[in-house]
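Here come two complexes built around subunit A, the first alongside subunit B, the second alongside subunit C.
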Partner chain A sequence: MIKPAEKVTGDAFSSKKRVSRKTVKEWIFAYSFLVYPLLLFAVFYVYVNIDSFILAFQDVNIDGSRTFAGWAHFKYFLTELFAESGLIKISFTNSIKIYLVGLCISMPLQLIFSYLLFKKCFAHRLIRILVMMPSIISSFVFCLVFRSFAGSSLQSLMKSLGFINFPNLMDNSNYVFGTTLFYSVWSSFSSSLIIYPNAMRSVDPGIYESAQIDGMCTMFQEFRYIILPLIFPTLSTFLVLGFAAMMTDSGALVPFFMYSAPSTAYNMGYYLTVQIFSESNPMNYPGVAAAGMLLTVVVAPLTLLVRYVLDRIDPTREDGIYGKKRKTA
Partner chain B sequence: MAKNVKLHKSSGEKASIILKYALGVILLIYALSLLVPIYWMIINSFKDIVQYYQESEFSFPKSLYLDNYKFILNNMSFETTSKDGSGTVIYTLPWMFYYSFIWAFGNTAFCLIIQVMCAYVVAKYKFPGRNFLYSLGIILMILPIIGSTGSAMLLRRQLGVYNNMLLMILTAPCLAFSGINFMMLHAAFKGVPWEYAEAVFIDGGGHLRVFITIMFPMIMPTFWVLMLLGFIGAWNDYSSFMFWMPSYYNVAMGVYRFQYESRLELGTTMPQILASFAVVSLPVVILYVAFQKLITANFMVGGLKG
Partner chain C sequence: MKKKLFNCAAVALSALLSLSTISCGPQTIKDPDSGKTTINISHYGGGHGTEYMDVLVANFMEDHPEYDAKYKIKITPEKLHSGLILEELEAGYGEKQMYIMSQNDFVHFIYSDYLEDLSDVAEMKVDGADKPALKDKMVRYEEWQSIYSKYGEGLYAMPYADSVMGWIYDHDMFVDKNWYYFANEKDDGAELRAQGITYTEQNGKLIFQSSENKVNYAQGDKILTAGKDGKYGTYDDGQPQTVAEWDAMIAKISATGAKAFISSGQIGSYAVHLVSALFAQYSGLDLYNVYFNYDSKGEPVKFADGTEEVITLENGYKVGGMEGLYKAYEFLANYFDSRRVGDSRISLHPVVEDGTKNHIDAQSQFLLGYDPTATNPQSAMLLDGAWWEYEARTMFNTLGALDSSRGYGQREYRYMLFPYIDGQASEKSAISCCESGAMIVPKDKDKDRLKVTKEFLAYLASDEALNVFLTMTGSIMPYEYTLTAEEEEKLTPFTRNMIELYSDDENIEVVRPQIAQLYSPLSYAGGRDTNTYFLPRINGLAIDQPFKVVRENSLDVIKTGLANYYSAANWAAFIEKAKTQGFFND
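Up next, the complex of A and B:
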């Protein structure tokens, strides 16, 4: 019996022979598994996105009918984006800040902590259980406990320690964005401290041994010259997905505040969520569609660019920059 | 020579060991900090309102006050509009648990089975459009299309999917050939040698039999990890109920609304709210602790090649 993939390659693709009955049976089997998800994809993804594109140029009236609105929603979004202190401008800026904090603080810490777990630091088993807690316990439970704790409880505690003017970090609009940002970093380690150590474990132990023979003996050298290059595909996946989600991730604002977050804490994901769900008013939908389209036009090509650059610098790829250098050497 | 190396560590190695311990302490402090809110929630859920306000919020309760839990089990119920809008429905805690289980198990299992089927044929069969489908899955994963929720809402209302749990489950896997789950399953199937299937073909078995009796059982560890994580995520999911199924209540949605409205309308106390948090968290914590080894050993993500 021939492996289907090889058989099809030989019969149906490489040469121009007639497709055999067995090959057709394999195709039918494959398509029968795919027909239902593809149908759902066509209706709930392709149609929805085409309709969203059209909706961006329309108004939805009270009776549900739609009328042509031209570029009005785009103009509104761009005006608000560049306004002095518009909500959209705050949301956009905060989304970028959240992404940069994630990239520059969370990710390096995740990698360092993952390396420690991989090296089986003390209490590593206990730590692996504890760090998953924000993912295991419902996000709103964790958020609300954090909110109560970081709000009134922490304020009372600090006052009892003599800091009489210590603010309520969750109510004071000057501190609320910083506090939610801290929460997003604090609770972001869970699954990454499972995935990265597993990726590190998949590296061939022989590589460490040969590196030690070559005189590579410190943790930093091992981390920098062996671990990071060899887990780069996993790292790259998270970098790309993180960038792609920059404008859609609402963070913990819904569980923290439902629809009534202070304007200083808004991000784009939360802004779009509030527009759609707070009043469930279809008249808001075209504005969201236009905003989404403009953001997609900016973020989508940048995401593809990030992916391209990461692919080029991937040390594990033979056709990447380092792969070619290796070949030349 | 080897002994000398072990006995006389270089300064670089010594610095490495010190750094490892220092960072380890920071990591342990961080991990323990995640316990603080949970500890705070549990101890205060066993206090009566007088103890809660008079004593430190971090002190252990003098006696275990179980009435908060009795109150939650007996009184947490909500009235909401029925899905056809003709009347109202009252949800009590057992009904919320029932819908939590239906959503967590039904939605996760159905989506995952469809994803397994997609990943299997894309990994193991070469058919026209296979490479396109795989690349499309990767592109959809990384290409952010923002702002289509309004259109999705309009369509789901038109088709009757909105506010219908069964249809929500049946239409959930619309991106079954994309995402982290698909990637993990695809990689798992790629790792299974096709030679296992050949024996079944020799015995006269077909493709479906190969899938059910050979290939699917071979990727069971990955399947169970995704099932467990999906189940935990769906158990905790209140937003799907809030946004897409407002006439249904699972425990997470019930507790969310309970804490949101309680102090305003129901007159409940903070210890009672914290007891409700403990009730919703307990099943998934038990599930995670029971299967922690399986999850931590098999949860891996590779690169985005395609």
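Up next, the complex of A and C:
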């Protein structure tokens, strides 16, 4: 452990010298490990982001040289974003939809399932295995199986049952987004069903006993008034991370389709991924850089705001709204 | 002591990790085993494979023992698109001396000064001093040179494969199943005799005996109708000539329980080449080219909505509305709009709509279809490129082990041409080349090595090398050369038919949209999309799978979507951008 240098008085000069040498050695030791990740951070994060920032204001010419472009790429992105239709608009809208579905449908379901697992409901082991499948099996394999089932197999089955016009859910432009959204809701269970029940287990059992004495007798009451407030920090973490990744998360589109997903299934993360990985002309890179910057400008402060609000309403924090109310009471 | 050792180990480990990052730069140019200077060639690992290159490298080194002692040519099969190649060139990573690519969208490499000028290679006479130089062997050299030059100067790429894409069918199966149109004495007798073909009649069908000229019948074969070229004994015999005959053929196929069409549901972009061929056939080559060069030379162009207008650079965004393009989609909709339940023309193998099935799956299902199952009905025509037979050789070998008549190169496959479409301008049939790749040489400071690289590149276009490529892969490189009878004998029947089709200038128009999209600098200097030709934009989204387009949208929506692919505002921006890059300023 690296200790802070001791405050040395005049008659302890020799001690200072000894401590300094030791500190230097410790620093060399520590930095010998840190230098590599720091180098990577400097090159692949700091440099890349600075370059991306500069690139957003530049045009790349056919000979690879760059010239100042002002706000042109930002203007283009915003025009496309607010256009009547188009890939950027659809990608942006789908990203918002994915986040809202995650927030309003996935998260409540995850919490309920986690609570039921925590309470060791009927067949809880089987449920745990089923929802953990996407994590146990390679995601690419699982996506392939899901795609095959939701695509041609389901279509063949429905046709054999007389639904002649049943569409291929993984191919039809009208259904593919909904199908991939369903998959992302389902696959999101695997990690949350580990984290939430563990958070629930960390609640002191004495609290439940105390609540029962106070007349709290239903599972819903226990869930609403004890579990939710006490695992709020965990929930808060999920909410903040989810919000931060709203415009960068591409979901399962890459394992499903590589870079050729139907346009209606696009989200912002996938749009940027495709632009970067399948784009062959560097003249189009500045547009992607500008898009990334604009999205960061929107999402980063909102993420901080979300975190601030969640911190304020965190019932477990003494300096939050509820904490202050408790103090006043 | 222990502590010091631990500290030293930590520092050493850190240094090693840091050095490993730095070592990601140019790799050693010496082969570690032989100590020879390596010439690294990145070869697109597609359907042609790279086995033929091993033969060519061995042949080249045998011809040049002086190089064999010093150099080792190493072929690396990899699927690099031009974006990744650019990254390699910028970073110097990989230290490759040649790229053999399946794509053509790399013009910006030339202007970025990454590539060697190959004008000297084009002047080489690799087949002998009395034989033509490479540029004279090159098919459509002027076109190639205009695209791969730097403001008209130099030549920075050499053409690679020229692979025909279309409907492939089993000729033997079509004969056996009676799906063809057979010749009869009343309609064909006089023409057959005029062509010097003798025959006998058996159950109303004509049986081939002999011919004064070269034909593709053997004694005892049933003679088919002449096909669109009007000649008997050629690549298109027995094929439907009119849309009515085409429809009747599909009905005949469906009546036997088979499906007329099979194509990879995953690689929907293959079908773009059907649109390409239909468009070229309907409109003719000149109008087809207007779609790409935005210059109708003062002639009005007819649009799908009935209006006409002269196309210039300024209103080039209107080309999507051209009548011929819409007609292509209209034709496809008749056969691939699976919503038309009960329409006898809709005869699709399940793979067509299965997004999980790639081209290899489609090939396998097509080949296995001779023994149909509930999930894999027999299919008559596979949408694929010239490379397909070689690419599917594993399946052929498996089948050949069970039944030698189904092994690689045993059965005769042919391309099915589209019928005459009502109102088509061209007298010819059209076929579209899917892959029109290129060979490029990055700048090399080692001038001795560069010389060898260029010589090897020139050798790749020699008659000897072209024959090896053709016999081993079944595909063509766009250079003119002749085959001896012995060499022709080595080809599979499919390749022989394909060459006959490809070489029939009188009746066949070969179009290459991958190349044509580069006719105008807008594609590489104006920021216009590349590889997105012939597509409609529906609800603001470009849809790159024609079969999907027709099965999800009405023809009216498609018509509007094609016409609105580019907006006037975006188009003006492309032109402005290209002007800043030094184009369109004269």
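One rule holds for everything that comes next: the second predicted complex is superposed on the first by the 282 of 329 C-alpha atoms of A that agree within 3 Å, B and C clash if a C-alpha of one lies under 4 Å from a C-alpha of the other, contacts with A are read in each partner's own complex, and residues count from 1 in each chain.
FYI, contacts are C-beta pairs under 8 Å (C-beta built on N, C-alpha and C of every residue); 3 or more make two chains touch, one makes a residue touch a chain.
Since the model is a prediction, treat every value here as computed from it, not as a measurement.
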>> Between subunit B and subunit C, whom does A:Met247 touch in the aligned arrangement: first, second, both, or neither?
In response: first
>> Between subunit B and subunit C, whom does A:Thr93 touch in the aligned arrangement: first, second, both, or neither?
In response: neither
> Who does A:Ser20 touch here: subunit B (first), subunit C (second), both, or neither?
Replying inline: neither
> Is A:Leu304 touching the first partner subunit B, the second partner subunit C, both, or neither of them?
Replying inline: first
> Among the partners subunit B and subunit C, which is in contact with a greater number of residues of subunit A?
Replying inline: B
>> Once chain A of both complexes is superposed, is A:Asn284 in touch with subunit B (first), subunit C (second), both, or neither?
In response: both
> Which holds for A:Phe33: it touches subunit B only (first), subunit C only (second), both, or neither?
Replying inline: both
>> So in the superposed three-chain picture, is A:Ser263 touching just subunit B, just subunit C, both, or none of them (first/second/both/neither)?
In response: second
> Which holds for A:Leu144: it touches subunit B only (first), subunit C only (second), both, or neither?
Replying inline: both
> Residue overlap on subunit A between the subunit B contact set and the subunit C contact set?
Replying inline: 25, 29, 33, 36, 40, 43, 144, 148, 156, 277, 280, 282, 284
>> Give the list of subunit A residues in touch with subunit B in this complex.
In response: 1, 3-5, 8-9, 12-13, 25-27, 29-31, 33-34, 36-37, 40-41, 43-45, 47-49, 51-52, 55-56, 112-113, 116-117, 119, 121-123, 126-142, 144-146, 148-149, 153, 156, 186-187, 189, 191, 194-195, 198-199, 202, 217-220, 232-234, 236-238, 240-241, 244-248, 254-255, 258, 268, 272-273, 276-277, 280, 282, 284-286, 288-293, 295-296, 299-300, 303-304, 307, 314, 316
> For the complex, which residues does subunit B have touching subunit A?
Replying inline: 10, 12-13, 15-16, 19-21, 23-24, 27-28, 30-38, 40-41, 57, 114, 117-118, 120-121, 124-128, 130, 133, 140-155, 171, 173-177, 194, 197-198, 201-202, 206-208, 232-233, 235-236, 238-239, 242-243, 252, 255-256, 259-260, 270, 274, 277, 280-281, 284-285, 288-289, 292, 295-305
>> Which residues of subunit C touch subunit A once you look at their complex with the stated criterion?
In response: 7, 10-11, 13-14, 17-18, 21, 81-83, 86, 90, 103, 105-108, 111-113, 265, 269, 339, 341, 350, 353-357, 375, 524-525, 527, 530, 539-544, 548, 552, 577, 580-582
>> Touching residues of subunit A toward subunit C in the complex: what are they?
In response: 25, 28-29, 32-33, 35-36, 39-40, 43, 59, 61-64, 83-87, 89-90, 144, 147-148, 151-152, 155-156, 164-165, 168, 170-174, 257, 260, 262-264, 277-284
